[in-house]
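Paired with chain B in one complex and with chain C in the other, chain A is shared by the two complexes that follow.
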Partner chain A sequence: MRTEIISAKKNLPLFFSPALILIVLFVLFPVLQTIYISFFSSSGEFVGLDNYHDVLTSKEILNLGDVSQGLSQPYGLGALVHNMLWILIHLPLSMFSGLALAIILRDVKGASVVKSAIFLGMVTPMIVGGLILQFTFEEGVGIVNGFFNILGLEQLTRTWTAHPETALFAVIFGSVWLWTGFSLIVYSAGLATIPREYYEAAKIDGATPFRTFFRITFPLLKPMTLVVITMTLLWELKIFDIVWAAVGEGGGPGQASNVLALQMYVWAFRSFDFNRAAAVATILTALTLVVSVWMIRYMVKK
Partner chain B sequence: MDDQVYGEKMKIRKSTIIVHIIAWSVALIWVLPFLGVFMAATRPWGEISHGWWNFAEFNPTFENFVAAWTDERASIAVGMLNSFLVAIPSTVMPMLVASLAGYGFARFSFPIRNYLFLTIVLIMAIPQQMIAVPIFQIMSSLGLVSNYIGLILVHSAWGLAWIILFMRNYFLTLPVEIEEAARVDGASDFKIFYKIVLPMALPALASVAVLQFMWVWNDFFLAQILIYDPEMLLATQRVSRMRGQYIVSWDLLSAASILVMIVPVLIFALLQKYYIKGMVGWTVKG
Partner chain C sequence: MKMPTTMENVITVLVLIAIVTSAGSLWYGLTVADDVGTLTDSVATLVDQMGDLATSVASVATSVADLATATTADLAAIADDITAISDRVKEVEKEIGPTLTVIGPWSGAEMDAFLPVLAAFENKTGTKVSYRIYRAEDLAPILPAQFAAGQAPGDVIFMWNWFIQEKGEEGHILEVTGLIDEADFRPGVLDLVKVDNKLYGGAYTGKGKPGFWYRKSFFTANGLTVPTTWAEFLTLVDDIAAIPGIVNPILSGDGVGWPLSDITEHFIATYGGPQLHRDLTNGTVAWNSTQVETLFTDRIVPLLDGDFSDPKTWDTYIENWWNGSEYGLYFMGSWITGMVDDPTDLGVFSLPEAPGAEGVVFSADYFFVPAYTEHPKEALELFEFLASEEGQSHQVAEGGHIATNINVPLDAYPPGVDTDMAIAMTGKETLLDLDDTIGGEFQTTFWSQLQLLWVQPAQLDAVLDAIEAKAP
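Let's look at the complex of A and B:
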């Protein structure tokens, strides 16, 4: 289908200038300014990569000094490692539970109600989501500990978000609960595009459900998998409100559940160390750009 | 033979039942945390402090909602009004501005179009932390800290990238012939845009409105770096402020949480079709 109208050169400014002005003033210029100040000291001297060196050797960001102590040492393993743990645990769990649920719900009466219930976490303000997590993991009132009691695991009952060893994991697992709705919705939309005949043919050929999944369903859902991975990675790198609300703005007990975005805020708006904060923001942005460039390259190749 | 058919049918029925049981238990488990907070909001703390699932005593009350609504330190009523004051213009402005640009990307060809478009796509990945410090400095020097105009400008600019992309993708699905016919009749580009194209784009604009409003309403970070005046704090900031440093009063906090999340949940319930279209169309077509 032809989509372009070539004539209208003189009207370009009319269509583009409002958007460009807003983006240049409030997005592009601030981005460049952040990169710029990340190379200067707070007194305005050019210091090259010193801020980056400072940041990457600070205990807040990377704390691998005594790995055997893990998260129980002050600052845990550092915000950068915490973000990576977030990716390692949260990405596969939320992605595959969304996929599994999408497949199960295909043949369920009232599936849309179930989907809406699971999707509720995606429309909840993340600051409220974080508070609900804290409540759910609270000793006494929270249902997580209620389950441990029923299972006879009394030694596990505690306020999970209040202990450095468990706070990070509590928040990560809790956010799987909040985010699974996303992969469920994307995979459900993808499944709807696969013709039923494929499955009927597979059944006639006597393929096992296992084989059908790996030969038909999963390969045909590849574009959705790509979208889910990209958006989930970006979400995990940018994570902020949930941690703030669930364990506190300092990054929780002993800062053991601190993340990059939160540490940036603390340095910028609590210590007013704008230059160091700018270096953290730039590192975080570099990570998100790696993810999106990977995605764009894949789409262009296709 | 008949027996075999009957057996097959029984098998199918059994597996269908199992699938339904699994699906509905998952849904139940998923809403449990919400249910817990709802219980904390609607029942006296003494009843639920040893687990909200205990119903030995059951005296539901609206007191917590009233207390959160009128709280002296952080009234949720004022917070929600403030959030509306910010979210409505922060939805309308980028919608109009981005539709223009999205149409430009869809219909006009010019030398740097692809580079410009790539920049827009890359902007979508950037975290808000990357603009935080300069935005704070710019707004300070303009006197727009603790001023909604500043926050609305930033929200609008921040939403543009994804709305431009979304609207462009939608415009590309519209047949170009209608616009060309209008051009032959002597209509200007701009007239074609707002008389013919925008009305055809209403479903896409509805998706944009739903998603952008929700994101601005749910936002916490941008509000937190720009709004400091206690009177002006937005709903999400007030919830965070109610949390307290050491002792959490869940009765008040859970009522406040429910009040603040009721707006996006209602929008989702009523306009789900547009929400899902916006979410999936935006990601899958990307």
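Let's look at the complex of A and C:
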């Protein structure tokens, strides 16, 4: 037995090597190369952190000069702040919408059909999703404006993606619809693992539904919440396709709905400034790494 | 009775033991003899089986040897066949020529209008051509990587002029200096694909952006007339606004922002003059200069307070303009003729009271032959054809296009708007599309900042500063 274990250990590198070679070639090397070129100018000269300085001081990335104007000024608040707004608005909305729907649909007959319908947003290609959003928020034909008209809120009727103060929010709110299916499915799976006895005991003890939720349901869904938060955060940080399709590669009116990944694309494939784009990519990687490490550490601790 | 002695007892026991031992030995001997017999039989069977196995192994070995011989023969035959097929392909290629791949941005009706041009080339030269659709925006991320690998997805590719200049300079594009006579083209149109007097691309047909389109029947029904002065233009806009049901007198297209840049360029070319248009393109006049700011303040901004609509993306709005239910005027390029069901009812007018020489913004489609084409001779033949009077005559006959080759006769155009456009452009100064010419990050910034200006005219100064920050 011991000999077999030693033999298997000796062969481990052999078993890992096919996947390892692919990862090194197609993941590790490009990542390292991207980080490497971010320290050089387009002429190949070593410039240290100059690209990072240029990126972080450019109005496209951070534009806090006249915050009072908000998104209505050229460049809006900058792509980095827009990404943060994505996280601040989109994350709680999509997470709690999914949780609420999962709880509501838990004991409903035929809930799987409703869940599937909601999950369709998740399986829709985000490019298509972006086009649907653009259509949804259009003044004359969009369902959102039709809804406002029915409610008598004509002052809100406009092409949301054409106005700087609403373009970013239109894409974020629309994405909540597309992304809620993810948290719904994760939370539904989590709810199925909570024993019924806990609820019966709480009922016998006279706990209110509110108390039951905060003392039983939500704490026991903590691992699911962590997964939802992590995956949503990563998605929001690297958000690109849906914005590109909904407001165009310019990032919307006055670049008011620009995001980091879209700016990276413009610098890489419009300006062919791969070094500055690499700096943005490295910043994005660092941000996503922080989130990923946080999650991995939590899971290891568990 | 005498009792046996101890000795007699011992002898008796020994005799009994001897008898029992002898009987046991005899029985055991008989049993072993059976086993030995069985064992002998088994060994004999085994020997027989080993003999059979040896025979089988020998048979298999023979079969394998036969198979190897046959396989070698088959492989040799297959290799011969492949060589023969390859030779035949080469012979066929020599006979009919290779199949060239052309990559262009046109799909749908526009592609249908382009394919007859390629068919004409096939008929003329016998070289087959296949067409693949890729917009310039989609090619931009692909081509640099392909070029770096020494490959190209097509033999003739339509792309932005500034991209052709950049990649031509880097050696990824075949130089075509002297292949076509530059005197055959509209003045300046080939400058956009030249670097240091080396030509890297060709100018195909293009589209003019002459001004505001209207439906003649709509004007007639509402008693409207084409304006000849700026004051009349403003009156016309007010008159259209007063028509019941009209939401905005002028429909603003959006796309990703380029229709707004076309409108802006028309204002610049008309009220700033062709020289200002050229200066802004070359970067010799600043966008936030007093001259440009005044032009925007006096001419464009006043119309952004409800005369122009918000930027609209979807084609459904063109329907609403065409049927006169919501909009009266629409600024668009000459390809509008292919977007309405009755082009003979289309009318167009430029902004009135142009100071100095008149200029019309013209946007040509540019193409090139990559250095990595496998068929350079045939690709260059196609290049020449697309730039020639013959090739462009085929294209303009399909409608919606204006030739860059000045030898294309007016009767090559379909009667109606296309001919009118060609006549209108004759003798006028051709201005090259400003943002297409500059390209790069400027273009996306220009588009998105104009989108902002259209809905927030009060941001004019900040918008001009933002555009200037990316200008050449």
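Note that the second predicted complex is superposed on the first by the 290 of 302 C-alpha atoms of A that agree within 3 Å, B and C clash if a C-alpha of one lies under 4 Å from a C-alpha of the other, contacts with A are read in each partner's own complex, and residues count from 1 in each chain.
We adopt the following convention: contacts are C-beta pairs under 8 Å (C-beta built on N, C-alpha and C of every residue); 3 or more make two chains touch, one makes a residue touch a chain.
Only a predicted model underlies this, so the values are computations on that prediction, with no experimental measurement involved.
Of the two partner chains placed by the overlay, only chain B lies in contact with A:I185; chain C stays clear of it. Once chain A of one complex is fitted onto chain A of the other, the partner contacts of A:R270 are limited to chain C, with no touch recorded for chain B. When both complexes are overlaid on chain A, the residue A:T159 reaches chain C alone and has no touch with chain B.
Once the two complexes are laid over each other on the shared chain, residue contacts for A:G98 go to neither chain B nor chain C.
Of the two partner chains, chain B is the only one that A:S116 touches; chain C does not reach it. A count of residues in chain A touched by chain B and by chain C gives the higher number to B. Look at A:E139: by the touch rule set out above, it reaches chain C but stays clear of chain B. Once the two complexes are overlaid on the shared chain, A:P74 sits against chain C while remaining clear of chain B. By the document's definition of touching, of the two partners only chain B reaches A:L289; chain C does not. Of the two partner chains, chain C is the only one touched by A:G251; chain B is not.
In the superposition on chain A, the residues of chain A contacted by chain B and by chain C overlap at 134-135, 138, 140-141, 248, 265, 268-269. For chain A in complex with chain B, the touching residues are 1-9, 11-12, 14-16, 18-20, 22-23, 25-31, 33-34, 37, 101, 104-105, 107-111, 113-114, 116-121, 123-128, 131-136, 138, 140-143, 146, 177, 182, 185-186, 189-190, 223-224, 227, 231, 234, 237-238, 240-241, 244-245, 248, 260-261, 264-265, 268-269, 274, 277-278, 280-282, 284-285, 288-289, 291-293, 295-296, 299. Contacts from chain C toward chain A in the complex involve residues 137, 140-141, 144, 166, 254-257, 310-314, 316-317, 320, 326, 439-441, 443-445, 447-449, 451-452, 454-456, 459, 462-463, 465-466, 469. Interface residues of chain A, counted against chain C in their complex, comprise 59, 72-75, 134-135, 138-141, 158-159, 162-164, 248-256, 265-272. The touching residues of chain B, counted against chain A in their complex, run 16, 19-20, 22-24, 26-27, 30-34, 36-37, 40, 48-53, 94, 97-98, 100-101, 103-104, 106-110, 118-138, 153-154, 156-158, 160-161, 164, 172, 175-176, 179-180, 183, 188-190, 193, 214, 217-218, 220-221, 224-225, 235-236, 239-240, 243, 245, 248, 250, 253-254, 257, 260-261, 264-265, 267-269, 272, 275-276, 279-280, 283-284, 286.
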